[in-house]
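Think of it as A, B, C and D in the order they're written, each chain with its own count starting at 1.
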């Protein structure tokens, strides 16, 4: 997994945990690519990504000083206004992306933060992790708790999750009230194309880019939500490192 | 040099030749950043009489210089449109055409009748070219008799401008254009998306749940310019060109090929201010060439 | 893992599923660099009975992820082909199909008759889909009766494999595919180029002297995959997919969509070794997925 | 006008004056772009270009160390095997591109080289110019001879020319035996697409990329050869300088 940093003062100043930016490259693929904001440092925002296809390949080829078009912050982030005293952050694989900001905002809201992070293997575990308490889990037991993040996490009133849709479905089973950030393909990121449809439990669809990407788990019709996106497939991920642009 | 970019499409006067294409600008309330001063007009997302859920995800897939979509005309239905959007449109300084859809000529007529006279409704664009519905849509669009029947049904119910959105999935677009002209259309929009398919090599099935989708974006521009040109040669009513416009030069290709105005769609997804940039770029081109108004722009419309 | 990529298209056995598309590989004597071991077969540039000069320049124009061409079937005529190229083809280890053209069904038949039995001629691809000629070409391709008549005329003159190259410029490609299948075609190639136009904003006229040209390249791939899939669902004879293939994944989309083999065209202009890279990439995909032969590759060909 | 240099040992070792390379960029426009080889320095080749559109914009954005695909040397160059003792090189605008190599090869063949180079204005005149004798001409007389290169050049038995097709037509009138390098759009550069058709005086067309780009002037049907290509239009050319990649 790689981290890219961009100078983006307005976004850095206003972005909330769970919101995303839509990045466009010229020359590059036609459509922008949405990325969760990973960290904010002063006027810089960072995104976390793994090499998948056209867009990420080009982003990873960026060099210091290159310019890309960054639209955001977009979407509805996590809601941390809560009566609870503590929060559990649950992330799987790249789902780690929104969690540093979630930990930041939760801390600011005076909540005790437990972060449960899982991956298939130790190699794919994202090194850094914030929060008062950190629990790691791997499917193959090569690090931390052997099993899924859902199994590994303590009970809690306030649960924020992000990861493969399959994992989020499991979260929804245990915590119907959990706030989950889902992934869909996006055409515009601004609410006009209706390409990011999320199937709702009450029937019909709404827009991940506008009403989402964060949902109350029980609001989603998990059976109808594609459990994998072409780009969300697990591919051999390159050694961790830090890029910059 | 001051350039006059206003155009007349039938009885409809537009302050500029660049409109927002249906389904790519929502109801005009969503897109941020756009400098609306440049918007000649807007065509709203396709609507049916009743609310429609649309197709299950995935609904879009990217392709080289293009994208496939199968939204399935998700929409709130005509009553919600009248309640939630028309009142806002009535306050805007550019006309809004409603892209209307139905499963029968009667349904199109009923929809037009319901919307006719509602403040904020500036006209209609009849969608007989949607590739993403089981009934109607494209299937009216590739049969001249069906296309004419739908156009007449709408024409009978309104005095407002009636445009007909043509499908490219025909062997001779001129035949359809002439049929809807004879049936009373004030203009034709050319073209809607092309039917395409993209395969997910992990699932061994189409990427889109609807299997096929409509191809839009720069990839289709040369095809759309050709079809708009063919339509312009076939009829006397104005042709509104649409397909793959991202820059002023693209819009100018349609205008020189014989179009009165153009619509910008997919480009807005990538660049929310695309319409304004296209409008300003056309103005700059005209000024550089010394054309005072679009009437001066040379058109390529040979008789043979 | 050793993967067997050989395929049978009708009676024709190919060592691999990737062929060179007509008009993009000349007569097989020009392209440098290509590792020919990977070439399943070649379709030669379209030929007429008599020599043809072709269209005046400009003949090509670039478009987003694509190119327009109006070559106009420039060629030396059948006698020169028999004298200059067939003898070389006879020595090659892959079959060469000749892409045949005419202005009447009789002409196609006469051409096939002249070439039948000439050493080096492995079969025919009937081109009823060229958008760049005044007579014949595409106009046979969008009329099922005319398409069948041409196919019969050729079928009567030869026992060699007869493929028919279909045009995308039809509202239902299945109708044409069934017509030529019934007329005795051994396979169909889907598809030829799409008619497009690009405007020169300095001259206010089309970039191409022929005005319109055929669009090829990655831009058309999703349209071509859909049409090849439609054809594969319509007929029992093999379908050879063509349109916008540049990488193995692109070829696999056509194969999963129901094609028996594929042709690579424009990509060869950009990367002279494209065919070999596509072939090797397909082999690598099969090995990674554990498929021993293309018979094991899952196909998406639902009945509904 | 700008100069780009590429490390290309095989091409540098074998290229003849008037031959070209076909350059492909990924990401970039679909088609390669042909460029005359301008200079050769050891294992480096250089091309001369002006910013026109997509391709040149991207080439000019290249930075030290970037890699592009360079196919060549392609086409038939100038033929300097001649009984003559002297040669006149005539170039207009970007037509200067093949001339340094022509001067090199002519010098090697023991010919006395006169180079006549023209442009519309002094600003557009390419600074450097090789040869035993150099004559400059500008349409507006802002430097050297006031008028066309054809008017400015002395008589000669062996004439090699390159420039806008309009200028080459004038060369053809005065010297039917002149060797001229023409420009056409090219699809493949390797002889298979027939997109680079050059209309011949004897009727029919052949391929600029294979039988050309150098022709005997009288062999071309000048009336049928497009006198301008979209990219050959004169645009405000940026200040001269040197790029490198």
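We take it that contacts are C-beta pairs under 8 Å (C-beta built on N, C-alpha and C of every residue); 3 or more make two chains touch, one makes a residue touch a chain.
What you see is a predicted model; the values in this text were computed from it and never measured.
Q: What is the set of chains touching both chain A and chain B?
A: Chains touching both chain A and chain B: none.
Q: After masking chain C, report the chain groups that remain joined by touching.
A: one piece
Q: State, to the nearest whole Å, the distance from the C-alpha centre of chain B to the C-alpha centre of chain C.
A: A distance of 34 Å separates the two centres.
Q: Which integer distance in Å separates the CA centroid of chain A from that of chain C?
A: 45
Q: Whole-Å distance, chain A centre to chain D centre, using C-alpha means?
A: Chain A and chain D have C-alpha centres separated by 54 Å.
Q: For chain C, give me the residues that contact two or more of the other chains.
A: 61, 65-66, 217-218
Q: Considering only which chains touch which, how would you classify the arrangement: line, ring, star, complete or other?
A: Topology of the interface graph: a ring, with each chain touching two neighbours.
Q: Name the touching chain pairs, would you?
A: Pairs flagged as touching, ordered by label: A-B, A-D, B-C, C-D.
Q: In the complex formed with chain B, which residues of chain A make contact?
A: Result: residues 24, 29-32, 69, 71, 184-199, 203-205, 210, 224-226, 228-230, 233 of chain A touch chain B.
Q: Under the touch definition given earlier, write down the residues of chain C that touch chain D in their complex.
A: 23-26, 30-32, 45, 53-62, 65-67, 69, 71, 74, 200, 202, 207, 217-218, 266, 268-272
Q: Residue numbers of chain C touching chain B in their complex, please.
A: Against chain B, chain C makes touches at 61, 63-66, 68, 142, 169-171, 194-199, 201, 204-206, 212-213, 215, 217-223, 225-226, 229, 244, 249, 252-253, 256-257, 285, 298-300.
Q: So in the complex, the part of chain D that touches chain A is made up of which residues?
A: 27-28, 58, 63
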